[in-house]
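In order of appearance the chains are A, B, C, D and E, and numbering begins at 1 in each one.
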Amino acid sequence: MILPFDIIILLFVVICAVAALTVKDLLSAVVILGAYSFFMCLMWTQMGAVDVAFTEASVSASVGTILLITAVFKTTRNSKD
Amino acid sequence: MKSLTIIIVLITGAVLFYGTVDMPDWGDPNSPASRHVSPRYITQTVAETETPNIVTSLLADYRGYDTLGETTVIFGAGMVCILILRSARKREE
Amino acid sequence: MLDFIMAKYNYWIYIILMMIGFYGMIGKNNLVKKIIGMNIFQTAIILFFISIACKKGGATLPIIEYSHGGEHPVVHAADYLNPLPHVLMLTAIVVMVATLGVAIAIVIRLYRDYKTLEEDEILRKIS
Amino acid sequence: MIHNSTDVIIKTVARIFIPFIQLYALYVIMHGHYSPGGGFQGGVILGASLILLLITHGERVAMQRISENWITILFSLGVLIYAGIGTLCLFFGGNFLDYGVLAPLLHVSPAAARSLGILGVEIGVGIAVMSVMVSIFYNIARSGPYRNKGTTARRES
Amino acid sequence: MEITLLVQATDECFSVIEKARRHAIDVLNTATLLTSETRSVEERKLQALLKGAVQARASSQQFLSTFLILMAFWCLLSGKFDIFHLSLGCICSLVIAYLSHDLLFANVRVGDARLIIQRFIAYMPWHLYQIAISNVHVAKLVLSPRMPIEPNVFRFKTKLESDMSWMALATSITLTPGTITIDIEDSGEFVVHALDKKLAADLNAGEMEDKIAHIFMESDHIYIQDALDMARVFGAMK
């Protein structure tokens, strides 16, 4: 485990999490959540859990984002908070 | 309302933070989680299942019953989606 | 003090992420934002489990080098990461997407009935 | 969401890449023993390739490969394969999901029988996960009004 | 009196013969009509059979070539060449070829594939050189203190025909720094965003388009190629 790399990724993870919850536009929030999933996947790869990282990249970052984007298309795009 | 939410979240975080003091250190090879059953899985997997990827052999063989339940959960999720959405679609058409 | 920080910072990161997700779940009014908060909460829990599986001192991935028909190599448990949390969390991620699908189905159904995604407006329309 | 796309680039790239994505998904399922991967990941990638076909080539082209009823049948079939292999072990005198007792049926050693049992179980999981993902996406995308505001505005201008 | 009777009899005879002739002609006409009808029906059946056979042959060819390509891809991925894994690869490739054999070869003439690949490989170094040149140009533009960029969107109509060549041209334009393909209209009109007048002029000169038309053997290049082939044949005959 490389410490500077680890700290940078953790920082990005926290920033993405906060941004996904604060952005008003729902489509942007969903796309930022996809980026969050990919950073999580990167972190697990460097923690040594390759299977979990592969699952996260294929399941949560791709299909989860597709489902959320479909839901945003089907409902509405703007939120109040 | 918003301040109440923040107070609840902060209290939960503080309790959890207090709980981490007694947790084992990061990356400790002798932590309780990695001493109990996992050494047996690691050393015996090739002899017993001929599968070099320990995660796969653990997922589908040693803990196969767990995975069966989990597949059933996915099956249930698909069924629930069909039940919620397809009836409404039929009514619309 | 530095030793203490170095030994425990993974737990703190997971607590911070969990607090963010928890705030999203109970503090936000929008239903899609609630789903996003639930997603962050789940990944925080998974991060906690995965960081438990780590071992210091040259432990590698839980895949044994081995070829078909060869002799069974001698394996030391300390050389490989703990695979048990990986397995549990692998199933948890797939269940996460299944719950996401069910939640989205419910949200779409609610939007069709009430024409809004805000929780307080839905409550006002119900009463 | 589900319609025949008018964009030439996206359609052509999807047309060329979909067979390779599907073969990669099956590779991930079959080689879960030696490298990261397995039924969940491979099934999800296979489902994602079908979703890509749905959103680029429209419903008619995709549904003539696997129709909606077949998807519904397939996700029961995946769970049935898993539970069936487990029950087969009961008939040979072992415990539930104890693949080692299948060795006389497959003419291999018990350890290799366990390896083959893992492969069968992974195939069942892959089929179930693939069909569930496609089914959830299809049901969400077909429900409710679809307002194609962005593309119509662009076409009019 | 007798003479008139004789004339009448001959007249009747002639009318009877005429009637019989007409009748025979009618019968013959209907007969030929019937035979021609049946023949045309049979011909149509035969044609349909032939067409079906051609289609079946084409689809089986597609199936086989898709299967071979996928099998090669499997060997590239897997790296294990024992019988068990190769049979697994065969089964997987068969399944995928059954599922999507009409996707990979939708608009491709099968006989030309080798030539297309050869020409595409020969095209790559030129494209890399082009990328390097425009890279230097864009770097010069951006790094100079006045920033003399003039971003503009322009349209041009291509002479290419198939979707593969459209895609190749669009991705080539996007890969070159400074220019991006925004959209392709249905009539084959490209909408391109360029950073500078010079880059846009380079694109409008059409060298890249000519090269891609040469790769996929389209528009006027195919005639030139035919003429060259025929010249060789004539030389051999002389």
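Observations on the structure shown:
One rule holds for everything that comes next: contacts are C-beta pairs under 8 Å (C-beta built on N, C-alpha and C of every residue); 3 or more make two chains touch, one makes a residue touch a chain.
This structure is a prediction, so every number in the text was calculated from the model and none was measured.
Counting only contacts among the remaining chains, removing chain A from consideration leaves everything joined as one piece. Any chain touching chain A that also touches chain B appears here: C, D. Of the two interfaces, C-D and B-C, the higher number of touching C-beta pairs belongs to B-C.
Of all chains present, the one whose mean CA position sits nearest the global mean of protein CA atoms is D. The centroid of the Cα atoms in chain C and the matching centroid in chain E are 50 Å apart. One finds 23 Å separating the Cα centroids of chain A and chain D.
Remark: chain D and chain E have CA centroids separated by 33 Å (rounded to whole angstrom). Between chain A and chain E the centroid-to-centroid distance comes to 43 Å (mean Cα coordinates, whole Å). Chain contacts: chain D has residues 34-36, 38, 40, 44, 129, 132-133, 136, 139-140, 143-144 touching two or more partner chains. Multi-chain contact residues of chain C (touching two or more other chains) are listed as 16, 23, 51, 53-54, 59, 62-63, 68, 86, 90-91, 94, 97-98, 101, 104-105, 108, 111-112. Shared contact sites, meaning residues of chain B that touch two or more other chains, fall at 27, 47, 50, 52-53, 55-56, 59, 67, 74, 77-78, 81, 85, 88. Touching chain D in their complex are the following residues of chain A: 50-51, 53-55, 58-59, 62-63, 66-67, 70-71, 73-75.
Contact residues on chain C toward chain B in their complex (touch as defined above): 6-12, 15-16, 18-19, 22-23, 26-27, 51-57, 59, 62-66, 68, 72-73, 75-78, 80, 82-88, 90-91, 94-95, 98-99, 101-102, 105-106, 108-109, 112.
For chain E in complex with chain D, the touching residues are 66, 70, 73-74, 77-78, 80, 85, 88, 92-93, 95-97, 99-100, 103-104, 106, 163-164, 166-167, 170-171, 181, 183-184, 186. Remark: chain D residues 34-36, 40, 44, 129, 132-133, 136, 139-140, 143-144 touch chain C in the complex. Interface residues of chain D facing chain A in the complex, by the touch rule stated above, are 1, 36-38, 40-41, 44-45, 47-48, 51, 133, 136-137, 140-141, 143-146.
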